[in-house]
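Presented sequentially are two complexes of subunit A, the first with subunit B as partner and the second with subunit C.
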Partner chain A sequence: MPDHRTATPDPMTVPSASLPATGDDRLWYVYAVGRAEEALRAVARETSGLYGEPLHAIECEGLAVLASPVPAADFHEQALKAQLEQLDRLETLARIHDGVVARAGTRTTVLPMRLATVYVDTERVAEMLRQGSGQFTSLLAHLTGHQEWGVKVYALAAPATPPSSPVSRASAGPERSVSPGRAFLQERRAQRRSRQDAFRAAGAVAARVTDTATAFARDRVAHRPQQGGPLATKAGENISNEAYLVPVEHAAAFRDELTALGDAEAGVHVEVTGPWAPYSFATPGNAAAAGRGAEHGRDPDEGQDHVE
Partner chain B sequence: MSSESVWARNEADEDLLGGRQVALIDLLDRLLNGGAVLTGDLVLSVADVDLVRINLRAVIHSITPDSPSPW
Partner chain C sequence: MSESISGRLGGSTGVSPYGQPQGSSANLADILERVLDKGIVIAGDIKINLLDIELLTIKLRLLVASVDKAKEMGIDWWEHDPSLSSRAHAQPNAAGAAPSRDGLEAENARLRAELDELRAAAGLPAGAQGEKAEEDRNA
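And now, the complex of A and B:
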């Protein structure tokens, strides 16, 4: 996979001593929920979270949540909003959050939390586990043995020639006699046709992508296509942006077959990303879908490796 | 603790996860739209996160001079 790394701030460590050990000055940031097993406890022992603080596995009802303390000053509503609107801060937070979740995901099945989920104290975290235990258990069973993979389809339109450029006028050749206005319109039409062709081809590939990927996957979620902007990493226009929940044993075939669909069509690119922790399959909207597959009879205590 | 403090990166993770450096835009698709949304005594409510998200959308999906709208 190409390196799309965006610049990140230099690693900086805030000494743990700067965090109050207890009291109202700190909050608990939660990363992921899993089963209360040794694999998850080991992740907590070996990993640090935001501010370099050690992770804690807070357990309740056979489940455990990975959490670490954060300063209340940075995570109260207004402070957090201000920080998240700075892209470098957001990126640091997102990468540390994903770092913890991904690391846990290489050891066992975890349910990732949405970014910036913060509780007042560990009792409230445990209470959240108790209240959600039925849903968490069912979701974890649904996710076990699976990885999330992303699939994006791009239309790569031919580079547009500015209609008024002398080169394009000269190249009009036999049509030189047409008026400049008409030549301009003809050129615009030709460009539009080329764009339409690229989009038609990409649309056809996107449909094949969905068919092929669905055959492998247990679940599918469509994200909004990515619309350029400062974070865009790819040439061309993103026309579909989907996530699939794929059994680990089919992951390699999934990636290869989908990538090949893009290679087979000029002007279309298919990008496959992953494996991801199952972020796209952890939302309440997917709980109903989770129910469908939950009884497919995997041992819920079976530790699953999500190693690449 | 002041808001000048910086979230520390986890250098051990960089080693463990090796080449797994992902595009921020793909990560934000997942972290801002996915992940379990919890209930209970949250300090930060889901509605607050939604507010944050709206502002971020403007950053993430804005059309820049370098990638103008194709139409």
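And now, the complex of A and C:
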């Protein structure tokens, strides 16, 4: 991964002595929703969030949201937009957000909020909880006792080296029996075959991964393969990128069996990541799947309608 | 940075049936695809223009996801952004940059021509046909 980090500490990771105690200059950043239980309150007591500010468990109707104050100067509309457009700031925000969510997820079942969900005061946070309580309660019931695991399959094709020119091969090559032109084409064909073989093998492994993982998992979501960018750091080409909702008691076997599928095949790598909080399964569609009612369908905008 | 974050987030974990989280060592692309695209999506009080968020997400998809996919969606502005595109690097005034796809195709054509000449010089016209046919069969 490219190094986006700088020597100067990011202000978001440093406790802010200047953060005002009064409400006007600060906003409330929310990380995750869970049940109003001691486990979540303990997470709030023991964990700090953005700017090193202590987390608060804001409770309403049997639910609680983990939140912490952030300076309005950094999180008003324009500032927030600017932050999200800078990869290093975005990385800090994303890692701290996920850090809080992941930590809470080690103690209890939580629903991760999307990055940068911000309210003007704690009363507005409680109102959000009230309005979403049906959806949150049903999702929490659906996800309890499960973890999200990520599984990516990579084809480790040999790097495409530029073909050496026929002339240089002719002068350097010891095999006088092979003409330069023939050698050139043979080299090209070998490269193509190696690439095709790697992809064919990876495709077969990806199918086995899905079969094996599905046997353990309660639910599955396919993500886009990570390709073509500076953040896609793994050697090889990512041909499948899936998330599974796995019962906690099966997690170790899930990880071991899936990792082994990659080890069994040359030219293929299976990467298992997790446990994650159930990001990929905390969606309105999953609320419907949890049996809250088919009338809600899978409207992707459902989540947007709660606060207007 | 990740050290300072994990330090900041540090504290006792206790024994948990949920095990250790992925934590700060996780791949940034893995984290971003979750915190941006997944989870509970509710409009907060600070209204970020949804169009802006969509644009951000699209930009990030270029970083974390498939460029081919973006092209399928008809998005190709990065082709002209020198910081994102090798093709943009290969504009005439950007000498010494990596060859673009077009450049590789041109080089390919040049090498094929060179190959034909060498074959002719080595007296292998039939061989050239044979190679071509064999290559096509294997394609």
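Annotations for the structure displayed:
Note that in this section the second predicted complex is superposed on the first by the 246 of 308 C-alpha atoms of A that agree within 3 Å, B and C clash if a C-alpha of one lies under 4 Å from a C-alpha of the other, contacts with A are read in each partner's own complex, and residues count from 1 in each chain.
In the analysis below, contacts are C-beta pairs under 8 Å (C-beta built on N, C-alpha and C of every residue); 3 or more make two chains touch, one makes a residue touch a chain.
Remember, it's a predicted structure, so these values are computed and weren't measured experimentally.
Contact with neither subunit B nor subunit C is seen for A:177 once the two complexes are overlaid on the shared chain. Of the two partner chains placed around the shared chain by superposition, subunit B is the only one that A:83 touches, whereas subunit C remains out of contact. Of the two partner chains, subunit B is the only one that A:73 touches; subunit C does not reach it.
By the touch criterion stated above, A:195 is placed in contact with subunit B alone, subunit C being left untouched. Legend: residue contacts after superposition of the two complexes on their common chain; A:105 is shown touching subunit C, with no touch to subunit B.
Of the two partner chains, subunit C is the only one that A:248 touches; subunit B does not reach it. Contacts of A:91 after superposition: both subunit B and subunit C are touched. By the touch criterion defined above, A:25 reaches subunit B but does not reach subunit C. Overlap of the subunit B and subunit C interfaces on subunit A comprises residues 1, 5, 9, 13, 27, 30, 33, 46-48, 52, 75-77, 80-81, 84-85, 87, 90-92, 94-100, 102-103, 106, 111-120, 124, 128, 132, 136, 139, 150, 223-224, 226-233, 273, 276, 279-280, 282-283, 308.
Partner subunit B is touched in their complex by these residues of subunit A: 1, 3-6, 8-9, 11-14, 18-20, 25, 27, 30, 33, 46-52, 71, 73-77, 79-85, 87, 89-100, 102-103, 106, 111-120, 124, 127-128, 131-132, 136, 139, 148, 150, 157, 195, 221, 223-224, 226-233, 237, 241, 243, 273, 276, 279-284, 308. Per the touch definition, subunit B reaches subunit A in the complex via residues 1-3, 5-13, 16-17, 19-44, 48-49, 51-52, 55-56, 59-64, 67, 70. Taken in their complex, subunit C has these residues touching subunit A: 1-2, 4-6, 8-9, 11-14, 16-24, 26-49, 52-53, 56, 59, 61-69, 111, 114-115, 118-119, 122, 124, 127-128, 131, 135, 138. Only residues 1, 5, 9-10, 13, 27, 30, 33, 46-48, 52, 75-77, 80-81, 84-85, 87, 90-92, 94-100, 102-103, 105-107, 111-120, 124, 128, 132, 136, 139, 147, 150, 163, 165-167, 179-182, 184-185, 188-189, 192-193, 223-233, 248, 251, 273-277, 279-280, 282-283, 303-304, 306-308 of subunit A touch subunit C when the two sit together in their complex.
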